[in-house]
Amino acid sequence: MAAEQPTTAAGRAHLFRPNQVLRGSLGGIFIVLGLASIVLALGMLVYLVLDVVLRGAPWLDWQFLTSFDSRFPARAGILAALAGTGLMMAMTLALALPIGVMAAIYLEEYARESWLKSFIQINISNLAGVPSIIYGLLGLTIFVRQLGLGRSILAGAMTMALLVLPVIVVATQEALRAVPSSIRDASLALGATKSQTIWHHVLPQAVPGILTGNILAASRAIGETAPLVTIGALTFVPFTPQSIMDRFTVLPIQIFNWTSKPQAEFHDLAAAGIVVLLAVLLTMNSIAIVLRQRAGGGRRR
Amino acid sequence: MAADLFPEHNLYRRNRARDLRERAIAGVLLAAALVGGLTTLGIIVALADDTFRFFSQVSIVEYLTSTQWTPLFSVQHFGIWPLVTATVLTSAIALVIAVPLGLISAIYLSEFAPSRARSILKPALEVLAGVPTVVYGFFALIVVTPVLQRLIPGMSAFNSLSAGLVMGVMIVPLVSSLSEDAMSSVPDSLREAAYGLGGTKFEVATRVVFPAATSGIVASVILALSRAFGETMVVAIAAGQNPTFTLDPTVPVMTMTSYIVQVSLGDTPYGSLSYLTIFAVGTTLFVMTFAMNVISHWVVRRFREVYD
Amino acid sequence: MVRVSDTSATDGVLGGLMPDLRPSISSPRGVDRPDGRDEIVDPVIEVDHLDLWYGRKHAVGDVSLSFARKQVTALIGPSGCGKSTLLRCINRMNDLIPGVRVQGAIRVDGANIYDRSIDPVEVRRTIGMVFQKPNPFPKSIYENVAFGARINGYRGNMDELVERALRQAALWDEVKGDLKKSGLALSGGQQQRLCIARTIAVNPDIVLMDEPTSALDPIASQRIEDLIRELAEEFTIVIVTHNLQQAARVSDRTAFMLASEDGVGRLVEYGRTDEFFTNPKDDRTEAYITGRFG
C-alpha cells in the first residue's frame, strides 16, 4: 500500500469495509439451501412411498396375503414370504437377544478395563460397518456348510443373529449405563452379589432401553435381503416352512424376485409387497418410539 | 429376636455354592461377549479358506490385472477390475449426491435450525436410513430409470447412474448424522468467540464450526464410502448384471456385491471354481471396507481437535 | 434429646461403671491417644494401619483407630481428607472401584475383613451402609425393605420384618397406609429413612452412614439425627459428616482427619466428643473446629 498507515483505530476504520449486505444475506441463503437439501432427500422418500402405494394398493387384498407365489401375477401372493419373515425374525431375536444382552452385561458390569475388553468392544462396533452380504458368506460357510444345516431357516436365523448382534449389544450397553450407580451401591451394600444386583435392580431398569434395541434389531433384520440370498434362501417358494430346517424365503427376497421380472404386473405386485413391508416396519418403530417415551418419563412402579 | 430368623453372621463362612454360581455366571457372560468379539475373526476364517482355494487355481496376477470377468462362461477370465470399477463408479455417484446434501443438512441442523425444526427433521432423515434397501432398488429400477431414460438418450434400462443416485439419497442420513455429531461436539465457547468478533451465523458455521469438526466430517465421508461399497440390493436390482469394465454411467455394470448375489441365486455347485469366486470377491470387498473403516477411525483419533 | 444413661449402651465388663457418653456427663478415666485405642475396651471395629491408594494417589495414610460398640462415632474433616474413603473401607465398598489398593487390616469382632478368606459379600451383610443421597430402589416401599432380607436368607414373616424395620426407622406411621407406593414417591427425608429401614432390616451389627443428611433440609436432618441416637441403642454407628454441629449433637466419639501437604489423608485426633469439641488436643483440630479453615 502506498499511503502511510494511520495510527488510530478511527483512522484505520476505513480499512475494514465489510459488505454487510452480502454477509447478512448469506445466512438466509444458506437456511434455504439447508432446508432444500433436507426436503429434497425427504421428498424422494415421500415420492417413493406414494408411488409404491399407488402401484401396489390395487393388488393388496386378502388373496394377496394368503397365496403363494405363482407364475401368474393374478394368483401370486406373499404367504410364504410372510411366514418365512415371521419365523426367521422370531428365531433371529431368540438367538440374538440373550447373547447380545449377556454380552452387554459382561462388558458393562463385569469386565475391567483390559485389552480383552477393548478388543471385544472394538470388534463389536466394527461389525456394524461390515457389508451385510459378507455376513451371508460367513453364514454360508459356517452354518450352511460346516455345521451342515443346509439352506435352512435355522442357518438364516443364525446368520441374521450375528448381523444384528452389535445393535442389541450397543443398545443394551447404553441402557445399562443409564442406570445410576447409586442403585448398584445400595444393593451391594445390603450384601447382594453382583449377579443378584444386576438381576433384581439393574436389568429391570434397563428393560425399556433393551426393548428399544430389540425392535431396532428386528427392523434391521426384516429388511435385509443380501445375506439371506447368499445363504440360499429361495426366491420361489410355494410352501411355508414347517420346521426350522426347511428352506424358506422372506418378504424382501420376494420383492426382489418380482422386481426383477420383466412383466409390469409383477412390478405392481412388488409394490404391494413393499407396502406390507413398510407397514410392518412402521408399526414396529412406532412401538419403539412409544417405549422410548415411556422410559424417558420415569420408571416408577 | 429378629437375629434368629437370619442365618448367623459369620464372616469366616465362605459360601462355596454362591461363589461357584457367581463365577459360572461370569463365565457364561464372557462367552456371550466372545461371540460378538470373535465374529470378525469368524468372518476372516470363513472367507480365507475358500479364498485360498480360489487362488490356488487362479493366478493372483490375473485377478488383479485383467479387465475381464467371465467366470461363469465357458471361457473363464478372472480379472477383478470390472467389478471394482463398477463398485467405485456407483459409489462415487452416490457420494456426489450424499456428501453435499448431507453436509449442508448437517450444518443447517447443527447451526441454523431452531430446536423444534431440528427435533422433527433429524428423526425424519433417520427414517431414510431405516427403509430396506430392496425398496430403494425397486425405486431405482422402476421409477428413476424411466425418468432418466427420457432425459438422457441412450440410457439403458440397467445403469449405474440410477442406482448411484438412489444410493446417494439413501446415504444422506449417514453423512448428515455423523457430521452433525462432529459439529455438535465443537464447544460453544468457540462459537461465542466468533460471534463476539462480529461474525454472522453463516461465517461462524462455515469458517469456525465446520473446520473445527473436520476430522469427524472426513471420517463420516469415508464411512459413507464404505457403506456405498457394501451396498448390495440397490445395485443388484438397478445397475445390471454385466461385468463391463467401464466408467460410463449409462450402461449396465456389475458390482462386487451384485456378483455375489447373482452366483448365489444360481445353482453353482459347491466347491467349484465358480463357487469359489464369490469368496475371492467377498474377501476383496471385506478388505476394502475394513480398511476404510479403520482409516476413518484413525482419522478421528489422529486429527481430533482437542478442546480443554 | 437427652437420653438417660443405661448400661445396655456398653458391654458388661465394666457394666454400670461405664457411663453414658453424652457431652454433659463427666469423662471416664483413660489415656487419650490420637487413636483412642486404649480407651475402648471392647472395640467392635479396629482399623489397623490402613493405607489406601486410588491407582497412584495415596488417599488414606496409615490410619489406626477403634470404634466402640453400640456407640456413635463421627468422622469429620474437610473435603478430600479421606473420611468417606475410610468409611467405605469398613464395608469393603472400595473394592468396587477399579485400581484401588488397600494395605493394613480392619478387624471386625477380631476377624480381619481384608483377609483373603473373607468374602466381601458376607462383610456387607454384617455391616450396612446409608448413603449421602437417598437411593431407594425403584420399587414399592415394601419391596425396598424386603429385598435385603430376602437375599440374606430371612426365614421369618416378612410383613413383620418390614413393619418392624419401618418402625425403627420412624417411618411406619407415615407410610403404613400404602406400602405398595413407590419408594421414589416419598420426600427426601422419608426416602432416607426408608434407606435406613432397609439397611437395618437385614440385622447388621454395624451401620455406616456417609453424610446421611447433607442432601436433606434442616427439618428432615433433625429427624434423622434423632433417629441415629435411637438406633445407637441397638447398632454400632459410624457417621461421616462435614457438619460439625451434627457431629457434636449426635456422636459419642469423634475422629478428625486431614489431608497433609502430600495429599494423603491422615487421622489427626480422636476422642470422646465432649472433650473433643471443648478441649481439642491438636492445633489443627482446634483450627478446624473454630472454622479457621475447611
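Quick notes on this structure:
In this document, chain identifiers A, B and C correspond to the written order of the chains, with residue numbering beginning at 1 in each.
Going forward, a residue touches a chain if its C-beta (ideal position, glycine included) is under 8 Å from a C-beta of that chain, and two chains touch if they have at least 3 such contacts.
Predicted model, so just to flag it, every value in this text is computed and none were measured.
Taken pairwise by the contact criterion, the protein chains are fully connected, each one touching every other. With respect to chain B, maximal separation of chain centres occurs for C (centres as means of Cα atoms).
Chain pair with the highest count of contacting C-beta pairs: A-B.
Chain geometry summary: the mean Cα position of chain B and that of chain C are 56 Å apart.
Note: centroid distance chain A to chain C, computed from Cα atoms, is 50 Å.
If you average the CA atoms of chain A and of chain B, the two centres end up 13 Å from each other. Residues of chain B in contact with two or more other chains: 18. Within chain C, residues 121-122, 125-126, 152, 202 each touch two or more of the remaining chains.
Of all residues in chain A, those touching 2 or more other chains are 193, listed in ascending order. Residues 23-24, 26-27, 30-31, 33-35, 37-38, 40-42, 44-45, 47-48, 51-52, 98-100, 102-103, 105-107, 110-111, 119-120, 123-124, 126-127, 129-138, 140-142, 145, 162, 165-166, 169, 193-195, 219, 222-226, 229-232, 235, 252-253, 255-256, 259-260, 267, 270-271, 274, 277-278, 281, 285 of chain A touch chain B in their complex.
Residues of chain A that touch chain C in their complex: 112-113, 180, 182-183, 185-193, 196, 200-201, 204-205, 299-301.
Taken in their complex, chain B has these residues touching chain C: 2-3, 5-7, 9-15, 18-19. For chain C in complex with chain B, the touching residues are 108-109, 111, 113, 117-119, 121-123, 125-126, 149, 152-156, 161, 164, 202-203, 205.
Against chain A, in their complex, chain B makes its touches with residues 18, 21-22, 25-26, 28-30, 32-43, 46-47, 49-50, 100-101, 104-105, 107-109, 112-113, 121, 124-125, 127-128, 130-139, 141-143, 166, 169, 172-173, 200-203, 205, 223, 226-227, 229-233, 236-237, 257, 260-261, 264-265, 270, 278-279, 282, 285-286, 289-290, 293.
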